[in-house]
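Following this line, the structures themselves.
Okay, so chain A shows up in both of these, paired with chain B first and chain C after.
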Partner chain A sequence: MTIPAIPRRIDVIRTFKEQGGYVAAVLPIHYPRSLLRAFNILPVEVWGPPGIKARDGAKHLQPYVCSIVHNALSFLQSGGLDITDILIVPHTCDSLQGLGSILLDFVSPKQPVIPIYLPRGKRESDVDFFANELRSIYRQLEAITGHSPTDADLLQSIYREEAADKLLSELHRCRRNLPFSNLAFYRLLRNREHLPAETFMELAQKALAQKVDTTQDGGIPILLSGIVPEPMSLLGAISQMGGVVAADDLACCGRRLYPPGQSDDPFRRIAERILYAPPDPTRGNSIKERLEHLLQLVETSGAKGVIFYEVKFCEPELFDLPQLRQGLQEAGLPSLTIEMDLNDPLSHQALTRLEAFLEMIQ
Partner chain B sequence: MSIGPALRYHWNVNLLGRAGLRWVRWQAERRVKRGAHGKSHILTPPLKISARTKELIGRHYLKGRYANLRGKVAWVTSGAPIEFLKALDFYLLYPENHGAVCGTTRTAVDICAQAENAGYSRDICSYARTDLGTMLSCQTPVGKLPKPDLLLTCTNICQTVLHWYRVLAHHFDVPLILIDTPFVYTETTDHSVAYVKRQLEEAIPIAEEVAGQSLDERKLKEVTRLSKLASELWLELLGRCRHRPAPISVFDQFIQMAPIVEMRGDNFTVDFYAAMLKEVDERIAQVIGAVKNERKRLLWDNLPVWYRLRYLAEFLGRHGVVIAASTYTNAWAELTPKMDPERPLESMARTYMYPILNRGTGDKLATMRQMIDDYRLDGVILHSDRSCKPYSVGQMDQRDRLIRDFGVPALLLEADHNDSRSFSKEQVANRLDAFIEMLEV
Partner chain C sequence: MSKIQALGLDVGSTTVKMVGLDAEGEMAWHFLEQAEPLLENQIARFLERARNVTGPLDGIPLVATGYGRGLVNQATRTVTEITCHARGIYRELGHGGTLVDIGGQDSKVIGISPQGKVIDFTMNDKCAAGTGRFLENTASRLKVSLDRMGPEALSVSDEVSISSTCTVFAESEVISLIAHGVSIASILRGLHRSLVKRMVSMILTVGLTPPLMLSGGVAQNPAIRQMLEEETGQKIILPHYPQLMGACGAALFALDA
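On to the complex of A and B.
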């Protein structure tokens, strides 16, 4: 059985625009999808993209800034985002803060730039602040699009995204009962980065319809942590070496399994969803919370080891590694760290270490 | 505090330590009087008050060494709103300042290696690596650091401090207070200010619980008043560098800024800066410049290169170049005067949202532009600090704009504030030579 047919990203964008919608290019990691969709704006995420010539970005950014930020700026400057109408830059880290700021002050792209400040906690004050921040984004989107969605419109949009996220969680939960390879499975999941929720749900339902009762793969189960599994050949390599990604703590995937909100106020509800999502260092969750979450993922997935697959220069990730790895070790779980740059293929050294790690935990 | 530890503290800090530090200061003052710093034909000898600076810093770390015997200790970030902790009698340790001490004493790389051996990447901020190295190995040039009972991190300088203090919180297993200050891309919003104020209000009971006492409103006002006074004096001091020749250079400022960062809210800090201002005014009256033959004046952007202060001062001084101002030392001057001791929390919320590192890259360029005019500067050196992304990202555009839009020569100098492995002496010398040539000195 195969993965359901996936529409091409560019076709999705064109179709959405032909139907009168707007398209927003969105940088990592967390942002209010439902708020954008209520304005008939389709968010299309930009995780780099990998493997492009990062020359243009190098005119503005020092070499010690991560490749996701370098590539995003290069892609924008080379016209790769010309089709989009708005740029959304969440305040994820110091590097994205810098990018958002130079876009506003110096680069001045043709699209309006909207930065979003994400609070670094989940206290009541954080939720209140974030709800207010979202209200301010609402006003900016209102000015750009001329639309003023009502609370009912917003709630409808939120419920749709919640339904899509529920299916996404279901896909994660029963991944080992689906007949897909690591690579095919993550290709499917990552469609959430650009498909409208309704289209993604169709796709997810088709995939879930292929679910069987028995585990489909007999590989060595591992837990994959990090920002983004790029180049995606990593996933193929894990399969080839006999591994299977049984769970993930990836910023682009597992850390965005947003729970449903509680509040009836649409802005608070969006805030709750984002702030109560699985632990993420960029949202300030403690190392203890992260460790507990990883151990829980290991327990439910049966993972035998953890691979931290990190983007070079990514401070939010790098700070946590020693204590997380120590905590895992104390729980009897081996781990491996691999650093990558979006523009480089997987190195032989990385492949060899990966292979040795899988052999060791087998 | 029980009697035994109290006596030990008193004996070591107030009797033995104080006497020892006085002796060291007396010797240093004699050295300055005798001109024992050598007869440099490039640079004027350090300010006489430098001996007192050393004493202040020495005393601060001496108190720190025994602080766990005396009361509660908080580790705090350099831009954090510390006034309420000070009013609650915490001993405050600034790991960034300790990092700078390790940088100037050239012990930072060895200490960083301790962190790196434990798995901390060389790609994280070298202040953080220095501190984590000390945390893991207890290695420090100041004898010993006290253990924290509380941590306070404020994101108004970077997100790095959030990640760093999460690691400390995990290691020491103590409460971590976060004051999250939304980044000001263009202008701040009312809901952001309200958010910061609310976090300050919520932080107080946590700190009170650790301190075992309630916050005295009058004490908070007094600490805020002293903080403000010291910052105003620091602002005046920096302003004196508008004079030609500049009486002190940024290299002096870098050394003399320790008290304004880590001893804000103390009486003696106010006295210290008042005395320094007097000495600087004497220099101005006698037309004494930090560089003996001042011909060109520059602005420094970003953190100092702590382990190369003297080298850079002499290199530039040889060509008659003085660095008269810096966005970095200015950061502790431009804000606190905005504080209102009568409304400490409200004013703190606004004030602490506005350090240069929490404002957009365009705003920083505007600050630089203003300083170039105010201080009549001829060019800018932008230290591209591998460790400090929030300060450094944007510098390439700032340099280009300075040159293109304002006709101000500007140089991007690659280094790292604490990790000398990222400093290439040859490359720096070549770039500085070429820049100086361009300045037509």
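On to the complex of A and C.
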């Protein structure tokens, strides 16, 4: 059994542009995919990218800014994002907010920059605020592309993304019944970061067709939390040490299992989807909500411990950790924190911690 | 000497340690050397030495631990130093608590349950501050032998504050203090305090469950022991061979085989 063939990111981008579409480079974490697609814009997420020479960004950023932001700015300045037509910068954290300002005020890239202001909550007023923010983004995209999708166009795009996210949730739910390694599984999931929803759905359906009735014996089940599993060799290392990622609370994966919206108004519906997604510190969810969510994931997945795999200097993540770890400990769940930099290989020390943790929980 | 039934090899960054256990799990033999760059050759030499003591090693299980554990091709299995230190100290002291291991390259704080299992741990492995290397560097700069550092530090009550937590910057700070006529002993006292404070912050990350135990080569330093007691308010419990706890734990795992 093998993972379905995955198209290369650059090929996807070129094909989309050849067919008359636009491409937006999107910084983490939450953004309105369906709104972009309604304008024939393909969102391609930029989680760094990892393993590049992050020299150019250092001119504008302090050393204690995380490597996702350092790399993104360096990648942009070295021409890595020249193929894209728009830059989308959600105000996920202080560093990304700072990056948005740097791009608008100092760097002035060739592409238009659209910041996204996310509310910190999920009250009715937050949905109102975010829906208005999305209307503002609509107007900006309208000015850039010259297109004016109707409400019906927007809803059609939303329904397509909802269908893709439903399949994504299904993949998460039945991961232990799929014959894929940790690494292969996450390679598949992370295609949602750049594939059009319709292409991702084809891949997901092929993968789900390989589902078996019995749970695959992958080893010691763990819950992986954090931002992004880079370097991806982490996942191979977990397998090699006898572990299996039984569930995740990763910003790039499990925290983006967006539920279907309820409203018939397209802007409110997109806002509902994003704000009602699993808890995330960057959207202002409380530690209590996060802890309850982690414990629920542990219960449903049978995970024996939680690994917080964090990007160094990621404040929203690191601020929550002491209380999250304490809450897990009180619930009898061991946890481990590993910090990494996107440009470093997985260190021997990190591997030792991982191995010791698996020895501890087995 | 009792017949050796199992061997544990701890390939650390500063020293390499080997322990042989008898059938009851008691230490029957041990050997320690400074780590050399060509670890494979050194490991072969250790095994030869063990062979001289036990006779042919066929049938005697060997478990390797420490940062160089992956280089021990002869090992039956490898186990991390965290698990091995916990196992070794529990075997010797017979209780759980919080173990502080200050090694040459990294420091660890390990929470051990009353049943001897690791329940939490943290490691300082990103910089030399808070490790034996911090003391080695400054000992070299001050021309004080490692074994005299602790007694020298305790010989005075004046203590300068070393503000930097980085080994390299601390060394610069030490040079500046010497230039200002501060006594070597006061500087040493400040350096020990700086290291201990880093250790205490690690202990608080895991949570201090008494009793507090100390292992690793730095456990032989009396100033570290005294200051750790002062900073935590806990009496420090030392095993008989603090440096051998990892190798001992590894040998106990070998004995399980």
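Rule of thumb we're sticking to: the second predicted complex is superposed on the first by the 361 of 362 C-alpha atoms of A that agree within 3 Å, B and C clash if a C-alpha of one lies under 4 Å from a C-alpha of the other, contacts with A are read in each partner's own complex, and residues count from 1 in each chain.
FYI, a residue touches a chain if its C-beta (ideal position, glycine included) is under 8 Å from a C-beta of that chain, and two chains touch if they have at least 3 such contacts.
The structure displayed is predicted, hence computed values, not measured ones.
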Identify the partner contact of A:128: answer first if only chain B is touched, second if only chain C is, both if each is, neither if none is. first
Touched partner set for A:348, first chain B, second chain C, both or neither: second
With both structures fitted on chain A, tell me whether chain B or chain C touches more of chain A's residues. B
Quick one: classify A:356 as touching chain B (first), chain C (second), both or neither. second
Just checking: does A:329 make contact with chain B only, chain C only, both, or neither of them? Give me first, second, both or neither. second
State whether A:147 touches chain B only (first), chain C only (second), both chains, or neither. neither
Can A:120 be said to touch chain B (first), chain C (second), both, or neither? first
With touch defined as at the start, can you tell me which chain C residues reach chain A in the complex? 67, 79-83, 106, 117-123, 125-126, 207
Under the definition above, what is the set of chain A residues touching chain C in their complex? 329, 334, 337, 347-349, 352-353, 355-356, 359-360
Seen from chain A, its contact residues with chain B in the complex are 59-62, 64-65, 91, 93-95, 97-102, 104-107, 115, 117, 119-121, 123, 125-126, 128-129, 132-133, 136, 281-282, 284, 286-288, 312-313, 315-316, 318-323, 325
Per the touch rule, the chain B residues reaching chain A in their complex are 118-121, 123-125, 128, 155, 158-160, 162-164, 166-167, 169-171, 176, 178, 180, 182-183, 185-186, 189, 191-192, 194-195, 198-199, 202, 360-363, 365, 384, 386, 389-390, 392-397, 401, 414
